[in-house]
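Below you'll find a set of structures to go through.
After this come two complexes, each holding chain A, first together with chain B and then together with chain C.
Now for the complex of A and B:
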C-alpha cells in the first residue's frame, strides 16, 4: 500500500520535472534559448494552443472528449476575418458566440440524445468545418490594413510582454477560478471521478456536461480569434493541425483521460511541454509533418503511462 | 465427490467464512441457505474457483485440489449456473454453448455451422429442450436461457471423465413458478450424471429440491440435516440463530413517530415490478419494507428516489404532489438515498471526505455563489466529530476509510443536505458487527431528531429490530402492514407468512 501514494506523487510531479529537463537540455545546446526575450516568444507561441487546450480540459475532466474544438477555432478565424471590416470590434463577440453555440450543440447532442461524446463532437466537427468552408468559399480571407488596427489587442505588447501572453494568463486565471470556486467546477470534478455517485447525490449531470462543452467551444473560438490576429487572416482549415497537440497538452500535463483528476494548471504545463518539444524539433530540423507523427506518439505514450488499469479493467 | 475442509476467508476485517466443512455426495442435491451476508455467495465463489480461500482446502474424490480460476474448476468438472446469467445475448444458443471451443467445429479453418448445431442439439436434449440452436439468446424466455445455462454447464461432460458438480446460485430468481417446476424436474432427472449445490432465498424451494441442507450464519455452518427432517420455520430459526435482542438495535431509543406524514404514496405501480402500493411515512418513523427478491421492494424504493418513475399512482412529499424523474428532483424535495453500492452510488471514492460531505448540499458551504473551501472543511470536520468518523482529516480520499466510516460519510452527505427523508437501501451490507451497531445508533439518532426513514434491510432480524412499521411485499403487492413498537415486536414467522 505504501508504494501507491509515492507512485501517485511521482506521477503528479512528472510533467513539471519533464518540462524542466527539456528546458535545461535545450538551454545547454543553445544558451540563447534561456534569454528572457526568447522565453517570452515561447510563451507567445504557446498561448493559442493553451487557450484551446484550456477549453478541452473542462470536457476531459468530466470524462468526455471534444473532437470539434479545432474546427470551431477555424470557423471563428473566418468569422473574425469576414466581419472585421463591417462590425469592427463587434466581430469578436460574434465569433465567441458562434463558438459557444457550436459547443452547446455538441453538448446537447451528447447529453440529450445519448450519443457518446467522441461521436457527437466528431459529427459537430463535420458540421462546423463545412460551415467554415461554405462561408469562406474555401479561401483564405486576409485582413487588410484597416482591420489590422483592431487586432492590436492581440498583436501588440504591454511593457514588452506580448498581448497574447497576457490574454492566455487571463484565461488561465479565469479557468483556475471556475474549477476551484464555482459549483460547476466542483460538480464536474465529481462527475468525472464518479458519475453514478454524483447522479445519485442529486447533481444534474447532463446540465454540467453541456456547460463544459459550451465553455470548450467558447475558448476554442477565442483561440481561433487569436490565430486570426497573429496571421492577419482567417482560414477554414486554420485549426486542423491543432486538435492533436491540444488533447496531448491536457493529457501530457497529467489530467486523466478518464476524467475526475487534473485541472488547468496541469494543462498549462502540458501546453508548454508540447510547444518546447515543437520548437526543439524545428530547431533540430524535424519536418513539420513529421512533428505530427511525434505528437501522435506522445499522446499514445502519455495515455498509456497515466491510465490507471486497476480502475479500468476494460477499455473500449 | 466434493468436500471442503476448514475453509476460511476474510475481506479486510470482515470474516466472510469461518472454518467451513461441507460435503457433496454423488448424485446428491445439496441446499445452502442463510441470510444475506451469511457467506453463501463467498462459499460458492470459492467452489467455482473465482476466489481462493485464506485457509483450508478443497477435496475432489478425496484428493486435495487448488482452483486458481473458473477454468480450473471446469477441469475438475465443476460447472456454474449463476444468478446473473452468463450468456451472451447477441449470439446464438449454439455459439454460447461452445463459446471458446469453436476450434472443435471447424472445417477448412471456418466454423462448420451444421456440426456446431448438431452438437448443440445433443446438449440441449440432455436438459429436455428442443430450442433451435441457431436462435439468438436474446429471443429466448428467461426459463429457456436458464436451461441453456444448465446445458452449457453439462458440456463439461465431454471434457471431464468424472461426475460433474453443478453450482446453482439463485437460479430461480428471475423465473415464474411454472418455469421453476420445469427447472427442478430437469435437475432431478440429471442426478444420475451430476451432483448439485443449490442456493436460493426461497426456503420452500430448497426444501423441495434438496436431499440435504446446510444452514449458514455469519460465515459459519450452523446446521446440517436431511431435507426430510427440515421445515421452513426450523431453517429460518437456524438462519437467524437467536431471538431478537433489543439492545443490539437500541429499541429503548425507539421513539414513537410524529403524527404528520412526510411522504404518502397512493396506488403506486411500475410495470411488472409492483402495483397498487399505498404507503405513509411519518416524521421520525422507520418504515421497513420486507420481501424476498422479486417482491418489488427494491424497485419501489428506487422509484421513490427518482431513478425510475412509476407508471401509475401519486406521490406526495412534504404535502406536495410531486413527479420525480431523476435523483436530482428527489434531492430537491428533501429525499436522500443511502445505496447498497456505497462505493459506486454513495461516494466518489477518489475525492476527499470534505468534497463528498458536500456533494448533495454544496449550496450550504457557498458564499455569494462560490465554494468556500474553509467553510467546507469546517463543516466536514464537524460531521467527522459528530458521527465519530475515524480518519486523520477531511482532505483524505474516501477510499482511505473503512466500510463503516464510508457509510458515515454517506450519511453526513444527506444530513448536510438537510434531507428530511432518508431511503436506506441495505445500509449495513458488507459491514462488520461493530460498524453495524454504529449505523443502528445513528439511525436511532436521526429519527429522534425528526428524520423519516424508509428501510430495506439485509435481514429480517434487522428489519424488525429497527422498524416502527413494517410493510411486507410479495410478488409486487403489499401483503401486510405490521406494527413494530418497542416491546411489541412481531416474530419473524409473522412476516414470513406474508412473504412467501
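Now for the complex of A and C:
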C-alpha cells in the first residue's frame, strides 16, 4: 500500500471530485444554489438526461455506441402525445415497446449483419426519425388539458420531491441491479473487457449485445416519455439536443468508449456534472450555442483521458 | 494448384466483380423503373434537375470518400458546412464585402481548418475518428451560431448567387463545379503519391507504416482535404439558398454517408474510390427525385436512406473474416 494513490485510482475518483469542486465553486458564487429546493430542481433537470445516458451506458460498456438514442426519445414523445387521448395510460407501454423494437433493430443489424455499431445506429436514427416525422406529419403535437391528468406521475411531486427524480432514482437502482446481479450485467463487462476471451469462455456475445441495444432503446423511450410529460407535447426533433450530452455524461463519468470499465454509478456522476456545468455556464452568461461548443470539446477531452489504447492497436 | 481451388478462385473473382458492378446496375435499374412508372423522369428538364440536386452531395461525398478510404469516418459534415457557410456570409456582409468571389477561398479555408482540427485530434490524441468528429460536429454548429449571434444573414453578392443562377451549356454552374471537383478528386486518387498512400493506409495500416509511409500525416491530410471539400459545398449551399445560417447543412451527413457506402466504398477502408462515390451520389439523387415524382412524403427519404446504408454495408462486409465488429 503506497501513501500516494496510483494514477488509476486518481482517475477513478476524479469525476466525483470534479463534481464536488464544481458544486462548491457555484455555492460560493451563489449561496442560493445549495438551497434544498434548488438542488431538487437540479436533480429534476438531470433526470431525463440521466435516463437516456443510463441506457447508453450499457451499450458503451460492451464497446459499442448508440447514435440513435435521441431519435428514439423523439419518436417516443410523438407516440405518447398521439396515443394519450385514445389509449390513456396505455400510451406509455406502447411508447416503451416502440423504443424496445427500435433498439432491437439497431442491435440485430449490428450483430447479425456485422455492421459497425456507429453506422448501424446512425442508419437506425434515419429510419426512426423518418418514422417520427411521418406519424407526426412533421408537427409538434401538444397534449391538451384532458391528457395532462395522465401525466401527473411525471409532472407531480411526492412529499416535495419531483416525481421525475423518483423515476430516475428507480431507473438507477434497476440499472445497478442489472449490472451487478444479473448474468447479462456481468457478461457485458466481460465482453467489454475482452471480447475474444468472453467468446472463448462460452458467452453468447451477439445475444448480450442485442440485449444492450434493446435496453438502451427502451430507456431512451422512457426519457422521451418523461420529456413529453414535462413539455406537454411530443415533437419529432425533441431529442436532437440530447445525444451529445448523453454520450458526454457516460464518458465524463469515467466509462471508457473501449468498454469494460465503468458503470451506471459513474454515469450518474457524469450526468450531474453535465447539468451543473450547464447551470454554471448559464449563470456566468455563456449562451446556449457556445455551450454546445464546450460540450463537444469536453467530449473529445474525456474520451482522450478515459480511452484504453492498449485495446485498439490501430485507431480508426 | 488443384482444380477445386482454381474454380473457387474463379467463383470468388466473379462474385467480387458482380459486387463491383452492382451499384451501376442498381442505378440503371432505378432509372428504368422510375422512368416506366413516371414518364416525366426521362425528360431533359428533369435530368438537369437531378444533376443539380446531386451537385452539392457530390462535393460532400467526394471529400468523405477519402476519409472512408483510410478506414475512418467523418461525422462533422453538417457542423463544417454551417461554420464555412457562416464564415462566407460574414465575410460578404462585413467590411471585406467587396471581396466578392474571393470570399470563396476563405470559406474553403475555414472548412479545411476544421478538417485539420479533426485530423490532429484523431491522430495526435489517438481517439477513434467517429468520436472526434461527433464532438466537432457540435463544435462547428455552435461556433457558427455564436459567430452569427443566432440569426441568419442574406447573401446578396451577385457573383456568389450567380454560382446557382447562371447556366453554362444548359447546366447550372453548380453542376460544373461538382464535375470539376470530381475530376480533381480522381486525379488525387489515381495519379498522385498521396492517392496511393491513402489506399495503402486503408488496406493495411500496420504494413503501410512498416513500409515507411507516414500514416499519421496521410490521415491528417485526408481530413484537411475532406474539410476543404465540405467548405466548397458550403459555398454552393449558401449560393443556392441565398443565405448563411447554422441550418444550411441540415440532413447532409446522412446523404453523404449513404452515397459513399451505396457506391461501394468499404467502411473498412482501402476499397472503393471517387468513381464509385459518383455512382452512389447519382443513385441517391435519382431515388430522391423518383420519390418526389411518385408523390412519396419527403420524410420517408431519410428512412429509405437509412435502410440503404444498412443494406450496402451488410453486403460489402466480408463475412469470411472472423473479426470483432464494434
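Just so we're on the same page, the second predicted complex is superposed on the first by the 307 of 316 C-alpha atoms of A that agree within 3 Å, B and C clash if a C-alpha of one lies under 4 Å from a C-alpha of the other, contacts with A are read in each partner's own complex, and residues count from 1 in each chain.
Note that a contact is a pair of C-beta atoms (placed from the backbone, for glycine too) under 8 Å apart; a residue touches a chain by one contact, two chains touch by 3 or more.
These numbers were taken from a predicted model, which means no experiment stands behind them.
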Of chain C and chain B, partner touching more chain A residues: C
First, second, both or neither for A:204, with chain B first and chain C second: first
Touching partner for A:22 - first (chain B), second (chain C), both, neither: neither
Chain B versus chain C as contact partner of A:169, first or second or both or neither: neither
Partner chain in contact with A:65 - chain B first, chain C second, else both or neither: second
Touched partner set for A:119, first chain B, second chain C, both or neither: second
Which of chain B and chain C A:296 touches, first, second, both or neither: second
Partner chain(s) touched by A:87 [first = chain B, second = chain C, both, neither]: neither
Touched partner set for A:281, first chain B, second chain C, both or neither: neither
Touched partner set for A:260, first chain B, second chain C, both or neither: first
Residues on chain A lying within both footprints (that of chain B and that of chain C): 196
Touching residues on chain B, where the partner in the complex is chain A: 305, 326-328, 330-332, 337, 339, 341, 344-351, 355, 359-360, 362-363, 366, 369-371, 373, 413, 417
Touch list for chain A against partner chain C, complex: 63-65, 67, 109-110, 113-120, 122-127, 129-131, 133-134, 138, 195-196, 244, 247, 257, 259, 287, 289-293, 295-297, 299-300, 303-304, 307, 309, 312-316
Complex contact set, residues of chain C against chain A: 71-73, 75, 121-122, 125-132, 134-139, 141-143, 145-146, 150, 205-206, 246, 254, 257, 261, 267, 269, 297, 299-307, 309-310, 313-314, 317, 319, 324-326
Of all residues in chain A, those that touch chain B in their complex: 180-183, 185-187, 189-190, 193-194, 196-204, 260-261
